[in-house]
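Each of the two complexes below includes chain A, the first together with chain B, the second together with chain C.
Moving on to the complex of A and B:
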């Protein structure tokens, strides 16, 4: 008989100890589940909070009654009639300024309609309610609004509308849109990626295919990895010192005959963002290049290819999906960054579309930040809408990256 | 016809040492490899067979710590001379690897690419057909030249790699255990192919399969680790394959080829 036999619990005592083991296990399982729950809940709360702000009741009033300008109901006016109303009622200076921004005759009816509302009738938002309140306390809100603002109209409104996407910034929340900010963000990440992708890929190729594995290159490698973790505001300071100040003649465009700007341009912002994502792109490109098997390089060298031919015809094409995926992820990082833009000097109020690298600019996160700092609740509503736009942009970028990675996976 | 008394030498090593850092993986190799013959390099694993083979077309250059001393002479010219470009060496001495490694491209492109980068100006379609015929693959793939090389079987892929090598018309073809990843039937086809190829090319093949060496080769170089415990490999015996297998001079060779090694 096994001498150790006596040391194991048998029968009832075994079942007891088994019960204890199960209890410990279920405590741990419960802990893990709560961790998971907390994560999901905080994500859910975040999303809910954003959506909650973007829809809901709004009580508003007309400062000037529409009947002061026209006898017809507003909705029935055609484009010419709207134009006439604007011409006769706006001061000639204000009209000329609008006409200079974009010829009035060329604007669409809905734009003119919005102008009439914004400039002449002047909507005055009294109060906004969150989506949850609007649904759960609908009756109370109606009573409350009728009491507090007897003149005002109450309307359930989605602040996120197609018009919101296509109208420029305005000082009135009801008429503000994110068009300028979206365009600014797109210009900026476009420049950033045009700058960082070739340089990042080139650096990765150099490091993986050419550089000796000596001490200096190992130090450089480690520093690239560390740079990816440097707080983004530091890149903002760098961008301010280098792109905005030192290279001002270039980034302001004065070198090319552009006169009306300083260094705080889209170009400076794009280059700053490019520098910010450069380590990220280098690291991703290195991973992609590393994944190209050595046997493929040997095959190319074996038929008498030079190093460059091997890289150009085999390493790069096979690493390209990975490099692109990395670059898209870099773009989605850049598009959400706020701090560097504040330092580099994004404009907070700008209503003219950026028309080139030397334009002043604003970007989505800047716009959001600016709106959330305003006191009036209607600005919080459009901030929430802009956050939804930003999130949608980020998600679609990440989805593209995932699709790309899954589609072009190679077998060797 | 060639004169049997003075065989032509394709490649020759003189007092060749191959180092990885300070470690001499291969030491003191003196070989004369005859033209249009198959020469086998055999020996236990880790004795430096691949290292020696890769020294013939400077593939070891890609291991940063490696270097050689001594000479490797191709038509009297030292491949490690300062005026020699390794790219040119590899164009004249092709290589087939242990694991089939076709390019992730079409069958056609696999062959055309090497020719194109080396400045081939002739009729590419003809070259592709000729090379595939040379590698005994044409009949199997002639209707699907645009298909990805990865859709071929392992044996077909290895013959494609041979076709790719002969497309650039090298003088010598190096093969590092070319059949070790293949099934017996594919192995047989590669072995038959070698008999065809030696009509036009000099072939050096590394194998750890003694029967294979006996079947395909005219000459055999037997490699072993040096007895002094330095873990450095060297050629202990080099002669006609028949002799190595029937009447070896070295006791260690005899033990190895009769399976008493180890």
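Moving on to the complex of A and C:
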């Protein structure tokens, strides 16, 4: 018998082993592909879970009957009537406080309507159901709600409404909105990008256009790659120690005559976030500058331009779309980051719009975190709504980045 | 009158010596400073964390034996055993890697060895979307989807806050990172190796597993290490879903606070400076920073060596 038979089978046994080998191969190929199925399923479950939470039946009760305040149905009242109800039924101190925040006459009807519900009638949510349950088990839920809460009303509710986007924070989930959180996020990201983009681009220019391969520059390059991998919460600790504590006179604004805050301000958060995205911006800007063809530089040098003239007039304009794309990606990273903001001291409850870099703030992911960790299910519902807002924001940012990137790719 | 070139008063012979241009030098200095700022940031992290950690370890109550020898962590009342925070960090990270390494590797093998360019262009964005979702959203997902799911499968033993759901969801979060880094490593394997295997009659699967995968092993190792580093430093998922309060356990169905989760919870309140709580957080953060730094450096070292081998 051929001693090599096992290694080089022939004839019938070869065909059999080949068949076996192909079967193994196709099974494994299926397994490899199923990794994607799991990824797709997870993504689907995540998105579904969020949407599922943001809509659905809610059983609620009026603490005070609307008929105590008005004879007409609440929905038919106009702005003036609502205003009158508030004026007569709120204590004068509470009314004055509201009036000081924003003149009552200038508020819209829907705001006043919400105020009547929130302050006077006082909604009390008993239980909420998810969207799937509400659709599939609608009849059961109606029976269940009628048994458990005979007084309560059952209503299919979308927790994500235009009002949700425009009302400030409230301690009641039914009346809470993300206005202050969105404004806080925008302020913070604005400061972060103003801080990080010029410095990051400058660093990238230095590393690609000026630096020769000496020790310092190698250390800088390695260091930037490492900074990109530092956990975000460590940046939060850095921000707490440096921006919040050491630079308190600057970040609290007391240097500029602002007195009512400590260092836990939008400015501190923005600078911390800027530090966090700096390595990201540098790495992306380096890629963009690297993509500018060398012939452009040589042409500029050839007609006698200095190094900076070459960079300013030829390299930067051509690298700009790439740098912008990188910065947009950095912005979307900054908008979603939560941990550093918690450490730097985002306020958990704040209902006044931030009015400058020295005000206290909250941010969209902070609100999501707060609401998710509450025990009551109505807070989970508004957390889900806030997540949808956040994801929509990120989606539009990334779409812009992709569009920009495609335009650049077409050029060369 | 005919003036020669030399008689022209404005004529200067062309100077080829490098001129000192003040503006240019200033700009170069500014740009260098921008680049150097990154070094400064690293130094600032080490200095600030080190300073407070030094204060923490300098406290007469905190001894080395207590720190590494006891299993209760509550600095406010003089309990300084770091282990409960470490074990939960290890547990969640281990679960995350158990989920993300096989899945990420399988996805990478499929993308680099099997997928047509068209399939790749539709499958890759799915992973990119997963990578772009903020971690606090994963936290919501872990608490309100994964935990009820685990409770339905494993019954009452699963606590509302537990390390398993946080770890699994963290694995899903890290999956894109591991798969994209592994795919880079797999595609860097020279074509000649694959062609050689095919010429010997190997099937595609045999080529991928027995030839390409071993050749890319160091790059995959680098991906694994980066994955571990990301899992150790991840905060929001564990802060939301893994539980509040240190707990010395390896049981994944119990609640236990990780190092990052602890920092997030304690610093979330109005923390006053110069207390033992404040300095202890910096000690934990310093440990986190050093661990992730070492992991990142190792990973980068592997990648650099690997790249040189094939270029």
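Structural remarks
Definition applied: the second predicted complex is superposed on the first by the 397 of 412 C-alpha atoms of A that agree within 3 Å, B and C clash if a C-alpha of one lies under 4 Å from a C-alpha of the other, contacts with A are read in each partner's own complex, and residues count from 1 in each chain.
One rule holds for everything that comes next: contacts are C-beta pairs under 8 Å (C-beta built on N, C-alpha and C of every residue); 3 or more make two chains touch, one makes a residue touch a chain.
Remember, predicted model here, so these are calculated numbers, not experimental data.
Taking chain A as the reference chain, the count of touched residues is higher for C when chain B and chain C are set side by side. Legend: residue contacts after superposition of the two complexes on their common chain; A:163 is shown touching neither chain B nor chain C. Of the two partner chains placed around the shared chain by superposition, chain C is the only one that A:40 touches, whereas chain B remains out of contact.
With both structures placed on the common chain, the touch criterion links A:212 to chain B but leaves chain C unconnected. After overlaying the two complexes on the shared chain, residue contacts for A:306 are found with chain B and with chain C alike. Applying the stated contact rule after C-alpha superposition, one finds that A:314 touches chain B and leaves chain C untouched. Contact with neither chain B nor chain C is seen for A:136 once the two complexes are overlaid on the shared chain.
By the document's definition of touching, neither partner reaches A:94: not chain B, not chain C.
In the three-chain superposition model, chain A touches both chain B and chain C at residues 306.
The residues of chain A lying in touch with chain C in their complex are 21-22, 24-25, 28-29, 31-36, 38-40, 42-43, 45-46, 49-50, 53, 198-200, 202-203, 205-207, 210-211, 217, 219-220, 222-227, 229-234, 236-238, 240-242, 245, 275, 278-279, 282, 306-308, 332, 335-339, 342-343, 345, 348, 365, 368-369, 372-373, 380, 383-384, 387, 390-391, 394, 398. Chain A contributes residues 212-213, 293, 295-306, 309, 313-314, 318, 410-412 to its touches with chain B in the complex. Of all residues in chain C, those touching chain A in their complex are 21, 23-24, 27-28, 30-32, 34-39, 41-42, 44-45, 48-49, 51-52, 102-104, 106-107, 109-110, 114, 123, 126-127, 129-130, 132-141, 143-145, 172, 175, 179, 203-206, 209, 226, 229-230, 232-236, 239-240, 260, 263-264, 267-268, 270, 273, 281-282, 285, 288-289, 292-293, 296-297, 300.
Residues 57, 59, 62, 64, 87-88, 90-91, 94-95, 97, 99, 101-104, 113-114, 117-118, 150, 161, 164-165, 167-168 of chain B are the ones that touch chain A when the two sit in their complex.
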